[in-house]
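Before I ask anything, here is the structure I am working with.
Naming follows writing order (A, B, C, D, E, F, G, H, I and J), and every chain is counted from residue 1.
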């Protein structure tokens, strides 16, 4: 199918390398958060048509790729649920080690419920540290309580 | 085996319910971060002997349980890698949707490498919001670059 | 193979985007329930030839795609039994949490047997609610009792 | 561990058989919806202490079982994600066949988002039908739109 | 739990060996088909109380085992979906080799639908043959057509 | 590879739809049992060259497809061992529920051994019934006893 | 259950170590092939009662263990299909590397069919070799041709 | 990639059918054991260049296929570890049933170690038998003892 | 079973904690390499009886545990092939990233064959480094070439 | 996508065969360790542009392949986590057998922490031995202690 979000994501990645554009530049061009921008251009969010056009202009994407970026996604990983890439695996490992602790602390503070992954935002930043700079990732989601 | 960290974690959970103690109180009693405290008492970190004694005094744990808390763990989940509990699953889902975005942003900001899950800390907090309070989870790990 | 129901489903999805047609319009055009219409056009039911022709006229499908829509399907998901897409996963989660309750209540009300998934219909609707509108999904299947 | 929700669920099931009590009677006694009542007594929701006491009085449950019912659960199935029991499997099959249709119709009606499985209720009822009575199951969850 | 159908099945199997009783004798004693009798005593059907009493008298089962036989089952295999036992595997292999042929012939003869596994019976018999006697297994289920 | 039995099966299915031929007609044309015919044309048995020619003449298959039909197969399902298609799944479910009963009855009648799935035939037929016609499937295989 | 073939196998293994008896001695005592003897005592074949008695006398097995040895087995591995033990894995690896070659050679020599694993025997022997002695394992099974 | 051993294996299989050549003829032409010959031409061993040339001359293989045959393989099955093809499955079943017996007999005869699957050869032969000819497969590998 | 190597390993681990003995001390006491000592006491090698006695004297193990240490093991992990523990996972990750490189370099240097994991030894050491000390793990196995 | 690291790896492997170049020559040409060179050219590390150019000149790679070599990888195996190739499997087996021993020895020597797989290097060498030369593989990674 021509309107394939996976192919569109590959086209974005390829054009980004060839044009030497950064994610930060793309995020600024469409005035969205960097994490949203990357996730959306990699196929995890529908991109509003006007923003897709701006990205297409910068990356010289063809019309099918641009239209594909706007399509409603079937979200999730393309290659199985547990990542093998070390950079992504460390987050998975942190959840295996700290998942029950997260659950216990959420219930103690908020009661029975969850952090939404839908009404949700994410940020990645650098914190300088004399012992080596640190990656700081913040998950920020609305609390939803179990309500019948 | 008597020195079983899973049984110790169950004993902690049970004593915590019966004594009506909170994780916050336990963390304060041993002067450690709440997330570290919960993870450690659930068997994911070795607890220094003096801290284990303090926890044992509060929760009236027996000697074997207390010793088990101090043993070096085999870390990881006890029931499979993908959690079915909704409170934990939402974090897994967020990684499936945003994992590649995290990877791209880390590489753009730091180069080829990872966020350490070992030199790492975690925090859970509440952020008041008129549209419903929010769960804010921060992952804070040292950047490690691929170095031969 | 030219008569491929997956390719036909992709062709329908693509034409639907390009022509700006809604599922509701397609369902009305063939006078079928919306849920049946979407499932059938995505390859889960054989579409009667006259209805396939009507859809083909609206979406400008080619002859092979149209014929493929009428073929008897091999039903089921194309990419594994547990969905990763959040919109679909919530239904899977609800079944994990409430599946045994559904089973107990069916047996208490009807005795030993099942709700048919064959003599079955499905409806999705919106119920306005001041706290936020609600998605209401109804499963309606004939009861079949275990009978030797 | 004595405060085990799985053992508590087994104790409830066993006492229910021995006392000849129905789920409907238990639900009425605690004034909750039947589906919530069954799910909660099978370990999928924490049962408020006063309601747990009422159930315990009817089913003659011991103190540990009663306390276990009130504990915060780790939700999800105890024996793997895909049910083999035919009564439960039919719902899984319906999701495999109709899951993408549900997704498409939710997006068409509500935009990009999900039906909550947390702010959610469920009902099972019988609809008389001359061709054989029908099982009608209603999923009713708040719509949550993707919001950054 | 005392009312455990798996333990009850094991008790039946053990008592059957110790008493030297055959399935045929048990089936005759309760006047049911042999395949139904074995499946039910192995935990796949609820056994009516009077029949459970007759079996209990023959096999000298205790009261809990007898009551467990009458409980509504969670059906399905206890050790994973694909059998390793050669006698059971051959049926699985036959379905892998002939499953699509069964599907095609059912659709050609009956249209779009299924053979019910609920309104269903099964028979195993021996057919003498000079080249070696044959096992003849008959699956006999009501046809259910897809009906919205 | 041009001599691909999966592609040949797809070509047969496609030509069958386009020519409006039934499996029964094909089986009659080559004078073989219907179940054998379908299984063989779907790639599960090597088709003798003269019969392949007859089928090719009716369905206007090309030379490579015809030759591919005659090749020795690697038997088994092309898409995983547990079918998701409801028509095929019901047989799988029946084996999960009745597999141990089949095993017990075979051993009681024949001793330690198996029903062959190689020296084996299969039949699908319709049995009229006032409560709804029935699908009757017969597995007929030679008994093989464990013999060292 | 007392008549458990797995527990019986463990009892045999344990008694064999404590009594310092070899498999060869046990095989000779019951006048059966060594491979059959080990497989049967490990629970993969029913042991005739008189032979079970002879083994029980040598290994001082209790009555339940002895009876369990005579029970009809559910054959197959107790811990998953792919062995991790290196001594057993090498056979699995040989089948992965040479399985298609075995298949091709059997078909070339015998036509379409299989080597029976039921009418089958197995032998393990040592062949002296100056470069290091060799393990020689012979699989010897009746050829069964596909016959409808 | 042009130098693909899987494509080369398919080309060999196809050419073998079209030219009507047997494995025995190919093995004789290159003066190697039949099992080695088939395994190597199916991609499990690198074929020395002169032998690849001889095979290419007989089967009229093109230059890329011929070169691919000589490349060092990544060994193992192309479609998952447990074969579904009945001819190959019987060997897998035999290992599930007799694997522990093989292990016990190897250890009893040779001590702690393995049969090598590298310094290893395999033979398939026919043994005439009045009750039906037999397939005799011999695994012959050097014993390697665990040595630190 | 009393002679259980997993229980023996747990008894060793527990006694080691209670007695405050190190692996280095145990290895020295039996005059074996540390890696062999730990692997053997954790159940991966049979321990010669005299060495088992020495360990038992130090750790005050009971007679069954001591005998269990000498039994021939079924080697491999007790909890699945892919470790979740971070300390062990890093080795698994290194093999995923560098496995093909290891293979290519072994073939380039040695030809077609493998590094033996049987005639094999392992060493773990510390290498001081101003940027942080390093873990150095050496795998040392005999090369075995593919030889028919 | 044209910038595909898997296709680039295949192109490198193919060109290496056609040009008769060794990994050692490539490593020397770019002045990097052999293991790093092979891993990087097989897609597991980004190759600096000047080194990619040197490799391209030797292997006559096209521009897209050369650019693809420089792209940041998604690391990990392309075909599942457990290798079936015997040369790679032996390392996996060694980790299954010795993984817990590695863990215990690292903790005893270094305390709670891991060997980094990021700040890490690997070496493969040959050690002559009269009983057969040996493959010596050294893993050398920085120790990272768990630090909150």
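Everything below uses one rule, namely that a residue touches a chain if its C-beta (ideal position, glycine included) is under 8 Å from a C-beta of that chain, and two chains touch if they have at least 3 such contacts.
Predicted model, so just to flag it, every value in this text is computed and none were measured.
*Asks:* In terms of touching chains, how many steps apart are subunit C and subunit J, taking the shortest path?
*Replies:* Steps on the shortest route: 2.
*Asks:* I'd like the Å distance between the centres of subunit H and subunit I, where a centre is the mean of that chain's Cα atoms.
*Replies:* Roughly 33 Å, centre to centre.
*Asks:* Quick check: how many Å separate the C-alpha centres of subunit E and subunit I?
*Replies:* Chain centres of subunit E and subunit I, defined by C-alpha means, are spaced 47 Å apart.
*Asks:* Name the residues of subunit G that each touch 2 or more other chains.
*Replies:* Each of 74-77, 81, 83-87, 93, 96-97, 103, 107, 113-114, 116-118, 120, 144 in subunit G touches at least two other chains.
*Asks:* What are all the touching pairs of chains?
*Replies:* A-B, A-C, A-D, A-I, A-J, B-C, B-D, B-I, B-J, C-D, C-E, C-F, D-E, D-F, E-F, E-G, E-H, F-G, F-H, G-H, G-I, G-J, H-I, H-J, I-J
*Asks:* Which positions of subunit B touch subunit A when the two form their complex?
*Replies:* For this pair, the touching residues of subunit B are 22-24, 34-35, 38-39, 42, 44, 75-77, 81-83, 85-88, 90-110, 113-117, 119-120, 122, 124-127, 129, 131-144.
*Asks:* Show me the residue ranges of subunit E that touch subunit G in the complex, using the header's touch definition.
*Replies:* 7, 10-11, 13-14, 17-18, 83-87
*Asks:* Note which residues of subunit G are touching subunit J in the complex, please.
*Replies:* For subunit G paired with subunit J, touching residues are 84, 86, 89, 93, 96-97.
*Asks:* If we count contacts the way the header does, which residues on subunit H are in touch with subunit I in the complex?
*Replies:* Where subunit H meets subunit I, its residues are 32-33, 36, 45-46, 72, 74, 103, 107, 112-114, 116, 118-121, 144-148.
*Asks:* Taking the touch rule as given, give the residues of subunit D at its contact with subunit B in the complex, in rising order.
*Replies:* Residues of subunit D touching subunit B: 1-3, 67, 71, 73-77, 81, 117-118.
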